[in-house]
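What follows is a set of structures for review.
In the two complexes below, chain A is the common chain; its partner is chain B in one and chain C in the other.
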Partner chain A sequence: MIQSIMNAAVLGSIYLLFSMGMSLAWGTVGILNFAHGAIFMFSSFAVYLITSMTALPAILCVIIAALVGAILSVLMQTLVYGVIRKRSTDHHAAERNVIIGGIGLAAILIGFASHATKSGSFGFATTDQNPVLEFAGIRITAVSLTIFVVAIAISIALAMWIRRSRGGLALRTVGVDAETAKLMGINESRLAIGTMAFAGLLAGLAGGLLTIHLVAINPTTGDGLLLKAFAAIILGGVGSVLGVVIGSFVLAFVETFMILGGVGGWASAVAFAIIFLVLIIRPRGLFGRAEVRRT
Partner chain B sequence: MNWIAANIIPLQATVTTFLLALSFQFPMRLGLFSLAGVGLFGVGAYSSGIAFAKFHWDTWSSVAFGVVVAALVGLLLGLVVARLGGLYLAMATIAFDMIVVVLAGNLTPLTGGYMGLFGIAGKVELWHLGIIAVIVAVLFALSERGGMSRRIEAVHDDAALASSQGINVSAYRLTAFLVSGAVAGLGGALMLMVRNTTTPDAYGFGLIVVALTVAIVGGTKSWIGALIGTIIFTWLPVFLTVVGEWREVVYGVIVVLAALFFPTGIWGSILGVRKRLAERKHAGQRDVVDEMATEPDAAETEFLQTVAGKDSEQ
Partner chain C sequence: MAIHLRSGAAAASIVLAGALALVGCTGTTSPTPDPTGTTEPDAGGLPAVIELLGVRDQTGAVAYTGISAAKGTALAVKQAAEEAFLGEGVTVEVDERDGAFDPTVASTAITEGLASGNISAILGPQISNEALAVAPIAEAAQVPIVFTQSGVDGLLTGQFGYRASSSQSSVWPRAIEKIVADGAKTVVTFVSANNATYNQLGTVVIPPLLADGGVEIAQTFDFESSVTDFAAAAGQAAAASPDAIVVTLIGPQMPTLITQLRQSGYEGPVYVTAAMTDDQMKSMGDAGHDVFFPTNFSYAISSGLPAEFTKAFQAEFGENPDTYAAETYDQTWWVLRAIKQANSADPIAINDALLALGLQGFEGVQGKLTFIDGRDAVSPGVLVEWDPVAAVQKIAG
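Entry: the complex of A and B
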């Protein structure tokens, strides 16, 4: 039982690391990045390519993956999303074209990785083992523990930053009303690049950690996570840090216990049922603020 | 005749993809970013397959059953998501698509589960598909003419304004889901009849990407856009074998370029260029008659737009 709770907590932390940056970018600078799952996968794929030449320490693998994620995300923002938003005149067209651009970007990255790996799975060649820690009869690998601690630490740090710092205030202002924010002297495009860099960093971090945790992932792993992230974000409320924490863990616990309860075949339906029901009953999620119309 | 026999699969796929693209396009013409078409395509395929295999109906009754079930499911979905718009509608409809996949995978006695549904040996000839495609295209073309097309455009541009002009916006939205369901169901049912077998994975995220790509790259304003997109994406891999191998990458590049440079799709861009040329010609003729005529004209249109309450941003 305790073991299952631990497993659910680690799964929830993965969802959390993956969803947090996506939720932040969506809720503040208004970019719903459909290529977030592809960034996650490709960061890990890049490390796989490097370690297939020379084995590296696990920690270095994770750092490289995070950096690759940040770079990819910034490239997407400057070359595609930023341009789309500058070119489109109305808000809805911009939203729609950002999604479509994201789908295209995801297809490119997934296409490259599938071609190179022949749609098979890939992992890292690390120089160190993933040690199993044991206390009070509970076994947990070092990586699982790291995933949990990192996810919680980053959530707390992000929540504090958004609430307390000037940068966080600027980001919240953009989320409420981008045009007024611009009049107040906030440089929206710089803020958007920074937010996307952070989102990509988290995606890469999640990619590196999950690959070590599971030993291998495959080119479409990111797609599945993307759908889970939608559920976690929508349940908690778009842009809310507390919301995405709660959303990720609720989703992970429900899924884990459905599999334990022998109805595992339906576990994947939970995420979609959550998206559907929350949107219909309470579209702004548990902790989201009421939608401010930006026209 | 040999060419047709050799290319029977892409020819069949042209028709079913065209129907799927139309089911994506119709809600978009009303400004609804719905991705439910893929789920409804699956509903059509599975319900016609169940009618054929479990109830032992004949081919066309099964197809009709698929169309009716998908249209009803579409209508129900439209009622449920009636208040959602923008990205939230996109999310809810993606969730709907995925729920269809999970249902198909788990209702094993009816759907065959993840192993799939086999032996749906429907008797559908290529010319049947051709006639159906033409009929559907004509029906869509009719909806793009006259008062109907103007009302649809009004709902797309500004739902509140359309409503104040006496257009029943929610009825139009429901109709969009009903039509989307019927067309997608028809496409799904026909696809199953010519392929004879199906699995739940066929209706996953991958098909959403394909359908969206086809609809957007062609253009969402007219059925011609859907046709252009269908032809490009069905026949590109046939003619360029290199593309076959790098298919996903090439698709991705095309989609990104479309989002960047042709947000209204290929057909939308063609129409835009044509309109600009016509305007230039028009303005040129005016200049000869009366050089002053164009200036007040522009001011007048702007004034009319302001009176109509249309934001210049929109």
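Entry: the complex of A and C
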């Protein structure tokens, strides 16, 4: 049982790492980035291309993936989302066009990777192994443990930064009312670039860690995780760090114990039914009231 | 993509092709013409251009299957051209279209392809959902459609549908025989919940085979195709210490599952479907030991038609063929022989010839193929083991 709980916690951490950046961008600067899964995938794909030529240490693979994710995300914000938002007639049109733009960007990145890999799986050639650690009868790989620790550490750090720093306050202000934030001297476009860079960094980090953890991913792996991320974010409450943490772990535990119970084919149905019920009872999600964007 | 069958001028080729037609009629056709034959083909009923329509996934989640499939067809058509199999001046064009892992796209591709009115036969999709969607279209148009893969039940209910690849259920007895021979008493199974073919294999086909061998299924885990992490179930399976593990998940899921089984401490044999490509096998590294899969074709087969096919494929494409290419190679040769036997490009005449050839059976690169009701291929199958050190397939001992 403890082993199963640990495995579910690692799965929750995977969802959390993936969802955190997406939730942050959506709940603060208002960018619902449908290309988040594609950034996740393409960051790994970039490392795969590099390690096809020469094997690298796993830690370097993860760092490169994170950097690629950040760069991709900044490019998207600068060249696409920022432009779309500027040229849109109103806030709703901007949100809608950003969603469509994200879908288009995702299709381009996935198409490129699919073409290069024939839609096959790809992984990293690393110079080191992923050892299995064993303590008190619990087995966990070094990368699984890393995913868990990194996801929790980033969540705590991000929550504290948002609550206690001037940058976090500015971000929350933009999330509540972008127009007022602008009047208060907050440079929204710079903040949006910074937020997207961090979101992309997390997507790339998740991509790098997950590719090592899962051995290989394929060009559409990010799409499946995108759906899980939506579920986790909506369940927890858009923009709430604690919400996305809880949402990710609830989703992972429900799925895990459905699978262990021999009814894994119903895992998504039950997980989304729970989310459906939560939305009926608490439309803003479990923790959305205090921090969710109100514009 | 259009692939042209250009006739060679040599009279010897005609003689060889005639021999092949003769052998085809007797149910022992080889893709390589019999040099002892003397029958000259009668191409009088054939038009200068015969059009086939291929709908396979060139993009989407399993594009690698469709890309391989197209190569199998291309090789068959090229060889037939070199042998002037259909006679002098007869050209075969294959209009390859992308099913894109989407039944709607596949249906549109078939509909648009048939719009010309000149299609003699269809080389159908490999994905069950696509196959189920397009079968009624071919049936309504009265154009024969020959599928590969697409192992779902209920596909071949019409008069124009065929399947050229043996189903997983026909080759899985090879794996069960080894499980039983190794003295296994319990297994744990991992089954795809929403892939129709693999779900049926894992829930309907394999359990009775195991039961007949006196092997108990200790536990079954089912997974949706979107699941990427199997650590919890792998841990529980390893804790049960089964004698073997049987996996009928989709290809991209299996390397992760097997690796996580090893990480959970399970070191026993793992029996998987033939859906894993060599690249996916390689990604497992050392964890890929004791991994077996029953299949209708492997490049590791060192003799006979499969070996000849492997050699020709390597020469043409510079890589080892996979099962998808082998299946479409047999599929395409079946259609070409039917055209030859019908001596006509008329779909209904070809349909009759396909059925006649199917009732006789023939030797293909999948082994000796027989056909249920003349439509649905069955092959003996072979059990293959992955060699993680050499990173190649080998025939299981």
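Odds and ends about this structure:
Basically, the second predicted complex is superposed on the first by the 278 of 295 C-alpha atoms of A that agree within 3 Å, B and C clash if a C-alpha of one lies under 4 Å from a C-alpha of the other, contacts with A are read in each partner's own complex, and residues count from 1 in each chain.
Here, a residue touches a chain if its C-beta (ideal position, glycine included) is under 8 Å from a C-beta of that chain, and two chains touch if they have at least 3 such contacts.
The structure displayed is predicted, hence computed values, not measured ones.
In this superposed model built on chain A, chain B and chain C take up the same space, so to speak, and clash. Shared-chain residue A:8: touches chain C; no touch with chain B. Contacts of A:41 after superposition: neither chain B nor chain C is touched.
After overlaying the two complexes on the shared chain, residue contacts for A:209 are found with neither chain B nor chain C. In the superposition on chain A, no contact is made by A:58 with either chain B or chain C. Contact with chain B, but none with chain C, is seen for A:93 once the two complexes are overlaid on the shared chain.
Contact with neither chain B nor chain C is seen for A:25 once the two complexes are overlaid on the shared chain. Contacts of A:114 after superposition on the shared chain: both chain B and chain C are touched. Legend: residue contacts after superposition of the two complexes on their common chain; A:178 is shown touching neither chain B nor chain C.
Within the superposed three-chain model, A:262 lies in touch with chain C and out of touch with chain B [touch as defined at top]. Among the candidate segments 2-10, 110-118 or 290-298, the part of chain C whose C-alpha atoms clash with chain B in the superposed model is 110-118. Overlap of the chain B and chain C contact sets on chain A: residues 111, 114-115, 227, 265, 268. Remark: chain C residues 57, 59-64, 67, 193-194, 219-224, 226-229, 231-233, 235-236, 239, 251-252, 255-256, 259, 263-265, 277, 279-280, 283-285, 287 touch chain A in the complex. Residue ranges of chain B in contact with chain A, taken from their complex: 31, 33, 80-81, 83-84, 86-88, 90-92, 94-96, 98-99, 102-103, 105-106, 205, 209, 212-213, 216, 245-260, 263, 311, 313-314.
If you check the complex, the residues on chain A that touch chain B are 32, 80, 83-84, 87-90, 92-93, 95-101, 103-112, 114-115, 223, 227, 230-231, 234, 265-266, 268-269, 271-273, 275-276, 279-280, 283, 295. Residue ranges on chain A touching chain C, taken from their complex, read 3-4, 7-8, 10-11, 14, 111, 114-115, 118-123, 130, 132, 139, 141, 144, 210, 213-218, 220-221, 224-225, 227, 255-256, 259-260, 262-265, 267-268.
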